[in-house]
Each structure stands twice: as C-alpha cells, then as structure tokens.
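Each remark here refers to the structure printed beneath this line.
Chain lettering (A, B and C) follows the sequence in which the chains are written, and residue indices restart at 1 in each chain.
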C-alpha cells in the first residue's frame, strides 16, 4: 500500500464556481499509485465542493442563482452577522453541499462521468485563498 | 491490500427512487475482501445517490415531493433550458444530495443501519441508463 | 495495511448540533495507524453529520433555524406522519446534509481546517441514542 498527500490552492474572487479538475488530474498523473481512493477535503466551512456538468456554463450560473435565492444575504434572518452579511449564508450553503469528494482511481484513470467537473463553490464575496487537501491511497 | 471494481447499471423510468441495495450486497458477497472501504460514485450530474429509510414507502414519496417543490420545473427560473425543463432542476437536486456514498465493510458485512437502504435518486423525466461505479479496497 | 473499527455513541436530547470532534480525536490518538482514511457513517436516517465552524455558537443556531424553516414540521405537507410530526422533516434534512464524513490522517494528525468541528445534526425532538461507525484504514 502506498499513500500520497498534496494540497491544491485555489484563489477565489467572489461567489461562484472554480474548476480545479485539471489541477487534480495533473497531480494524479505524477503519482505512482495506479489503483486507489482519492479523498479531497476543503479545509474551510464557508466554501464547498461539488461535482457538476462542465459543458454548458449556464448550468453553473443557474446553480449559483438557486443557492443565492434559497439562502439570502439578509442580516435580519441571522444572529451571526459580525463577519459580514455573506458569512452565515456561506456556512449554510456549505452544509447543503459537500466538504469532501471521494473518487476511485482505476489503471491511473479517475472514474468520472463524461460531463463531470470538480468545482470549488465559493460562497464569500471577497478574495479568499482556499486549501484543498488531496490524499491518494492505493497501490 | 486488495481492490475490486464493478459497475452496477440502473435503468430508470422517470423521477423517483431506485433501490440498489441488493445489487450492491450481492456483488460484495462474491468478493474476497473481508474488511475495507466501499466507494460508490454516480457518473452523472442529473441523478444522485441517497441513503434513506426502506421501511415506509411514504418516506420516499414525501422526499421526492419536497425536492420537486423546492426546485420547480419552470423555464422562467433558469438560463439552461435547451436540454428540457427537467434538466436544470436535476443538476440542482444533484448538488443538494450526493454524487457518492462511502461505507465500511467489516467481517464481510456492510455497516448499514437497520432501516437504511441505498437509493439512486433519478431527477430526469425520461428513461435513462445510470452507471454506478463500485470500488472496494481492503484485505 | 491495517484497519481499525470503532463506534462512538452520542445521546441526543432534541434537535440541534452535538460536537463529537474530541471523541473522534481521542480514539484516533490510541490507534497505531499513522496515515490513512477515516470513514464515519451515521447508522440512522433521521439524524445526520456536518462539518461546521466551531468558533461562534450563533452559526449553529442560525444553521438549525434555516433547516427548521426550509423543512417545516407540518403534517399537511407529508403522507408519512405516523412516527410523529418531526420524523419526515428529519428524513428530508438528512438527505440535504450527509450520512458520512471522510477525512485524511497524516502523521497521526486529522486534516481539518482551523475552525472545523465534527457535528451530529439531530433532527428528532425526543431523546435518541445515535451510533457513529468509525473506520480507519491505512498504515
């Protein structure tokens, strides 16, 4: 059994989706492990991870819009307001999506659907530096 | 360490829940691995995976109904409408649920609660063939 | 490769968040495995798991409040009402959050963000005893 650890840094500029698929695939291509599990954790609770369609950018637009309407930035709705009007909605959107993604690697190929991309879903308004822990275990 | 890969195909006929627990347990029973991690990924972004109660079918009815109301099929709400009125709601419902499920296998037994079943949650209206990647790693 | 299994029991008293981070870290500290994957499953479908900020308790208050409003306890909305007005909302909230959490362990340290805590999210009104399956695989 072998294990490899890595961190991918994504610098975000406001709410929306940031595709990191290529960064993950690039790191995987340099590893010796052929078959195994890839575990990706985001080490923050005001941004999250999703797998989504990478074909039509309108999908990401509509997805962002849906979450913005479902979880409005309205200080009257929340007690936690000291970190900005976008912080509590960010925590809620994170709870509604994912803090981690897990994939299988088979013969050096990540098992992803044809149209699936890996996205960081940023929920804060200002610039943030997000750390995505990558961990591959296999042989 | 040993690893085993498998694909389970689920043919869906419209929105709703499709129980694949037995198919997964049947495949597991034929593997040599006694203890390990089972990773299941759905290779699509318009259907998803959930663990839910398998006792009262009304639970699945109410669950489907909740998501249909939360994410309506209404072309006025979305830019991405070219693939049908059900496609963008499908992507949103997928983001709100799961693309993967992970379980522990102990002494050849999948660690599931008494009332837990594994379901594919189909969000599209027409027939679809869904691929569920299964990957067991352990010894 | 080594594997270790464990169960953490959390006794809940009504809806809300129960921090079990310390219990998990305490168990991990006693294991021989230095690097690996930790898989945590909740063996119930009316309570769930989330990673959330552990700094300001108002975050958890607002998060609970959001889910209570999004998924109201109103028997007119559901067919599944025989197990109490809180049971069907509990199943829906579980589907919207997580049944499992997966983490990486590196040099005996769980890779968690500075402000991340592990929470059981109880959705039922009465007292419940919840089982959290823990499984560590690595070397």
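We adopt the following convention: contacts are C-beta pairs under 8 Å (C-beta built on N, C-alpha and C of every residue); 3 or more make two chains touch, one makes a residue touch a chain.
All values reported here derive from a predicted model rather than from experimental measurement.
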item: Fewest hops from chain B to chain C - one hop per pair of touching chains; value: 1
item: Interface residue overlap between copies chain A and chain C, same or different (over half shared); value: different
item: Centroid distance [mean C-alpha coordinates] between chain C and chain A, Å; value: 20
item: Multi-chain contact sites of chain C, meaning residues that touch two or more partners; value: 1, 37, 70, 96, 98, 102, 137
item: Footprint of chain C on chain A - complex, ascending; value: 1, 3, 5, 37, 39, 41-46, 70-71, 77-80, 82, 88, 91-92, 94-96, 98-100, 102, 131, 133, 135, 137
item: Of chain C, residues touching chain A in the complex; value: 1, 35-37, 50-53, 56, 58-59, 61-63, 66, 70, 96-98, 101-104, 106, 111-116, 137-139
